[in-house]
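After this come two complexes, each holding subunit A, first together with subunit B and then together with subunit C.
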Partner chain A sequence: MASSTTLTQQKKPERSLSPWQIARKKFLKNKLAMISSVFIIIVTLLSIAAPFLAQYLSPLPDIAKVNIGSMNIPPNSEHILGTDKSGRDVLTRLFYGGRISLLVGFSATLMVIVLGTIVGSIAGFFGGLVDNILMRFTDLVLTFPFLVFVIVLNTILYGIVDGLWVLIIVIGILSWGGVARLVRSKVLAEKENEYILAALSIGCSPFKVIVRHLLPNVASTIIVQATLIFASMIVVESALSYLGFGVPQATPSWGIMLSSANEPDVLQGKPWIWMPPALILTLTILSINFIGEGLKDALNPKSLR
Partner chain B sequence: MTTRDFIQDRIDSLENRDVLLEVQNLKTYYPVRGGFFKRTIGHVKAVDDVSFTIRKGETLGLVGESGCGKSTTGRTILRLLKPTEGQILFEGKEITKISGAKLQKARRDFQMVFQDPYASLNPTQMVGDIIAEPILNYEKRNKKELEQEIKSLLSKVGLPEAAYYKYAHEFSGGQRQRIGIARALALNPKLIVADEPVSALDVSVQSQVLNLLKELQIEFDLTYLFIAHDLSVVKHMSDRIGVMYLGNLVEVASNRDLYKEPLHPYTQALISAIPEPNTAIKKERIVLEGDVPSPQNPPTGCPFHTRCPMAMEVCSKEKPPLKEVRPGHHVACVLY
Partner chain C sequence: MLKYTIKRLLGTIPMLILISIVVFSLAKLMPGDSLSGEIDPLNTNPEYIEEMREKLGYNEPLPVQYFNWITGFVQGDFGKSTKYKTDVFDIIMEKVPNTLLLGVISLIITYILAFAMGMYSGRRPYTIGDNAIAGINYIMLAIPSFVAAVVAIYFFSFHLNWFPFGGSVDILIEKGSFEYYLSKLHHVLLPALVLGAMGTASYTQFLRNDIIENSRKDFVRTARAKGTPIRKIYNVHILRNSIIPLVTFLGFDFAALIGGAIITESIFTYPGIGMLFLDSVTSRDYPTLMALTMLLSFLTLAGNLIADLLYGVVDPRIRLD
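So, the complex of A and B:
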């Protein structure tokens, strides 16, 4: 016993845990967040593997092709989740839909976070006229009527950019305002700390002060916000696709799949067509929100969980 | 050699050394904004006409009440704030107007020790990185060598070498202040502005940090501008002392002269407020009436005339300049 304790004492790590390592430890202990993470990872992996899985799941791997011979078949051994009104396998489309929904959600979130962080941190750090100009511009972007701009920009960009990326760029351009405001307010509070003054006095350039000193200290807020935005971006994509302003109709996305529930006949009599995408959409968004909640606890040095 | 001889010796040797920093008529005003379009509607005159010099190897103490502009003076000298007027000459070179990359380059020679050891260290950085950063801002260095250098610097400020791998939150206030001192020392600067470096610390730890600063001064031939509001701390640290009131320097004298024979009525009141440990000695306290006027709207003439027990009519009209009334003893008062 005695020898084993001395051994563990000797093996004690020389380096202390960084704030990030402490956060990771806390996150791994959070059961709900971990279950949600596993779920998201599985959904992501299945979506990535969709073309590969399609060969085994459906006798007709081509998802875009209309198949008149097998329209509206309820779930059976051949089609586990049945087929839709064009005769396409629902399960296969579900996996393909995940590719689109997750890709749009992730890319749009990345764009929103990057734009918002750049604008917000520059405005907050420099203050004065720079702050005024950038924030008034942000206000302007925030007042854009979202739906109208989506339709207009969609039309302008259509044909120039690939259909999917039109949507990502449009959502990205219109949604960074909130993040910019959040980051600015955090930066304003954080820059009052003397270590920012200290960083300037030891010869850091303003750019370096922002990147190395300010952003790491506001990163926790940005990361938590990113997860929430990720969830809402998936909803936005689905909603737009449902309305017909999203990705092109031929592309399978969860939103497009849901839009088939427009028909009362489908909504009432053929639940296998719209239930699976509705369910997976709900679960995905819930999971992402749980992960965000977990990150919030993990990154908050004051929470003991 | 007695202590008194030692002090006299130090004063004599310092008098012959070159001037490192010269501050002439320095003014730093903060704009006060208000109204509909956030126009500038006034100024807080935090520093209003301050002039002094510091010789190489010397410690100049700056004392005054909170809000009298001593920290602003220190920060303006390091050009962390923009001076409104006046000149700052560092080694004879003008640093008042430089900016951008030039200022960044010049900062190598003057560093700062901050007041709050809890807020002045980045919580996401490892202690080793905190101290290495100033060096890496100016030089490309071999990683291993630099690590060794930082570790020896850590032991010089009285911290274990293992501190290199830790984070600031794992240390006590006194230890954090040592990290801050190590960061300021990393570039081997010529001037260090210590902005109330011990006011946030326990009394028991204060003396350790002060003595460390004194030891380092001799080892690295440092020049200090030592800002504090605690008179006994300033007495312990400084060769010469400047007394500030409402943004103005009212008296500058050597440590001995100032405590033995304060000339300005404000300094006299300050010195009389130092508690006397020996109860047998009866001390007469000069109690000042009223509050410090607002620096946004300072009184005309001598800034102290509203509270001065010896105020005359002329005091409210003319601002007395800082003049040398005895060798090395400068006072801004009409009485002299």
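So, the complex of A and C:
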């Protein structure tokens, strides 16, 4: 060890890369993940900017208004993607829809990750009875058929809380089980290390040990999981909205836009209404999954790429 | 193994009780109550309504109501549907064959596709074909099932006219005839194809990796040294070893099919359990809703249990205690 230090010192004092720097380098080299990241960033920016862009996109920037004079217009120079059955511009609604779909996906993911991490780390760190109780509870939540309970809970809470948040809370409450299990198993392995013993022996509180010492070391797993959950949450939102049990009907989300394909007439004769949301939804999910795979690869110290 | 099985089976009982309590509380929390379906809607006399409430047990304390419901439920009495005015049990039983047919056919499709792709990929890893299959599977995994269903209806039903776009059977055909069953199969094929083709990714990749791993093992080398044709080694020796772990996927498929059925059935207007469930939510048909939620939870639980037990059966190295 000593000889190698002297050797490097003779050449040039150089710091080796931190694990995060290595991960970043690996991720930047992954073409598919980078293209996907760019795509997601563009979709996100366009969605955020939707209210400002709307007036430039079409002569009908108001997505809440029904325009009887311009119903079901096929794509033309004025309406690049045409208009839907209420005379609303499809492209404008697509951007607004991105806001809702991404917001619901992101908030639900955040909730799932926070809940799952809290339960998982407490169960894993304290073990024993606490672990047993928390994990049996997790098992119970995991046995609920997800879609069935989301739909039932959504119907109950509908009207009590603002429409959008009902969905986020309901999805969040029902899907943290997987994360909790994952975090627990990682924490169980990690807490056997000496640095945890050292931290405890100098009198750190369990809270501090978990937050400052354990969680940073399981963070990479959580980040990868969060990416994949983000994709599935967007799917859940749009599927529920499609079925009519998601966000309120007046909200322009990708799932709601797609639900117009329920009418055979629209599905068959007016593909410009439902094809754009279908395409953008699929591309978004695909990109997020690629980013997730890229992160998994980049954060895995064993992968050589 | 027997001890473990019994232990697991007993472990599901408290789980079922807890689920039943959750289901009952949720049904009670839902807006409105099912009384409106039980009484004569034209009679608005408050005395009549109060009398009916009393008669139907809505005035009992909640624990008593729960107890009445659960004892009936265990004995197969799911109550009367407030929408169809008949026994919930009969309504569910009427729809079960459709969902079962959809599930079985879609599983068969998944297996056929996954085996064909997995075996091809496993035999020729890192070739163009293998990469293409991985790519296809990746995209299939990313496409939400309802998007796939909509696109499938658009192309196969409307443009190519190959399949009907809804229902489970042609209504004009006489029940019980050969054409009747043919028409049923014709109706189930497209939804099953969508549901089945979406689930191939995990099977294919698992089979591929397992075949690659097994092909490096000693028994393969021995077989080759003895002059067994390569084709036979792959199709018999290796495949036999690689199929076993796949069995454990079956239990999880159970749960996945339930979620899949709700979405697919509603898009294809296929009259099965999933559509009945959505229907019962919108029409506030509580007895049906509760029975179905219990049933679907039970199936999920059973699926997980089967997966766990099969895990031990196929791999005796996993010590269960």
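FYI, the second predicted complex is superposed on the first by the 287 of 305 C-alpha atoms of A that agree within 3 Å, B and C clash if a C-alpha of one lies under 4 Å from a C-alpha of the other, contacts with A are read in each partner's own complex, and residues count from 1 in each chain.
Simple rule for what comes next: a contact is a pair of C-beta atoms (placed from the backbone, for glycine too) under 8 Å apart; a residue touches a chain by one contact, two chains touch by 3 or more.
It should be emphasised that the depicted structure is a prediction, and the values quoted were computed from it without experimental measurement.
Student: I'd like to know which partner A:Ser18 touches here: subunit B for first, subunit C for second, both or neither.
Tutor: In the superposition, A:Ser18 touches subunit B alone.
Student: I'd like to know which partner A:Ser238 touches here: subunit B for first, subunit C for second, both or neither.
Tutor: Once the two structures are laid over each other on A, A:Ser238 reaches subunit C alone.
Student: Of subunit B and subunit C, which one contacts the greater number of residues in subunit A?
Tutor: C
Student: Could you tell me if A:Ser205 is touching subunit B, subunit C, both of them or neither one (first, second, both, neither)?
Tutor: first
Student: On the A-aligned overlay, A:Leu140 touches which partner chain: subunit B = first, subunit C = second, or both, or neither?
Tutor: It touches subunit C, and subunit B stays clear.
Student: Once the shared chain is lined up, is A:Pro271 touching subunit B (first), subunit C (second), both, or neither of them?
Tutor: second
Student: Which residues of subunit B touch subunit A in the complex?
Tutor: Residues 75, 78, 80, 104-105, 107-108, 111-112, 114-116, 119-124, 126, 133-134, 137-138, 162, 165-167, 170, 180, 183, 186-187.
Student: For subunit C, which residues count as touching subunit A in their complex?
Tutor: 15, 18-19, 22, 26-27, 29-31, 138-139, 141-147, 150-151, 153-154, 158, 165, 255, 258-259, 262-263, 266-267, 277-278, 281-282, 289, 292-293, 296-297, 299-301, 304
Student: Mind listing the subunit A positions that touch subunit C in their complex?
Tutor: Going by the criterion above, the answer is residues 139-140, 142-149, 151-153, 155-156, 158-159, 231, 235, 238-239, 242-245, 258, 261-262, 264, 267-268, 271, 274, 278, 281-282, 285-286, 289.
Student: Using the touch definition from the top, list the residues of subunit A that touch subunit B in their complex.
Tutor: For this pair, the touching residues of subunit A are 14-16, 18-20, 193-195, 197-205, 208, 213, 216-217.
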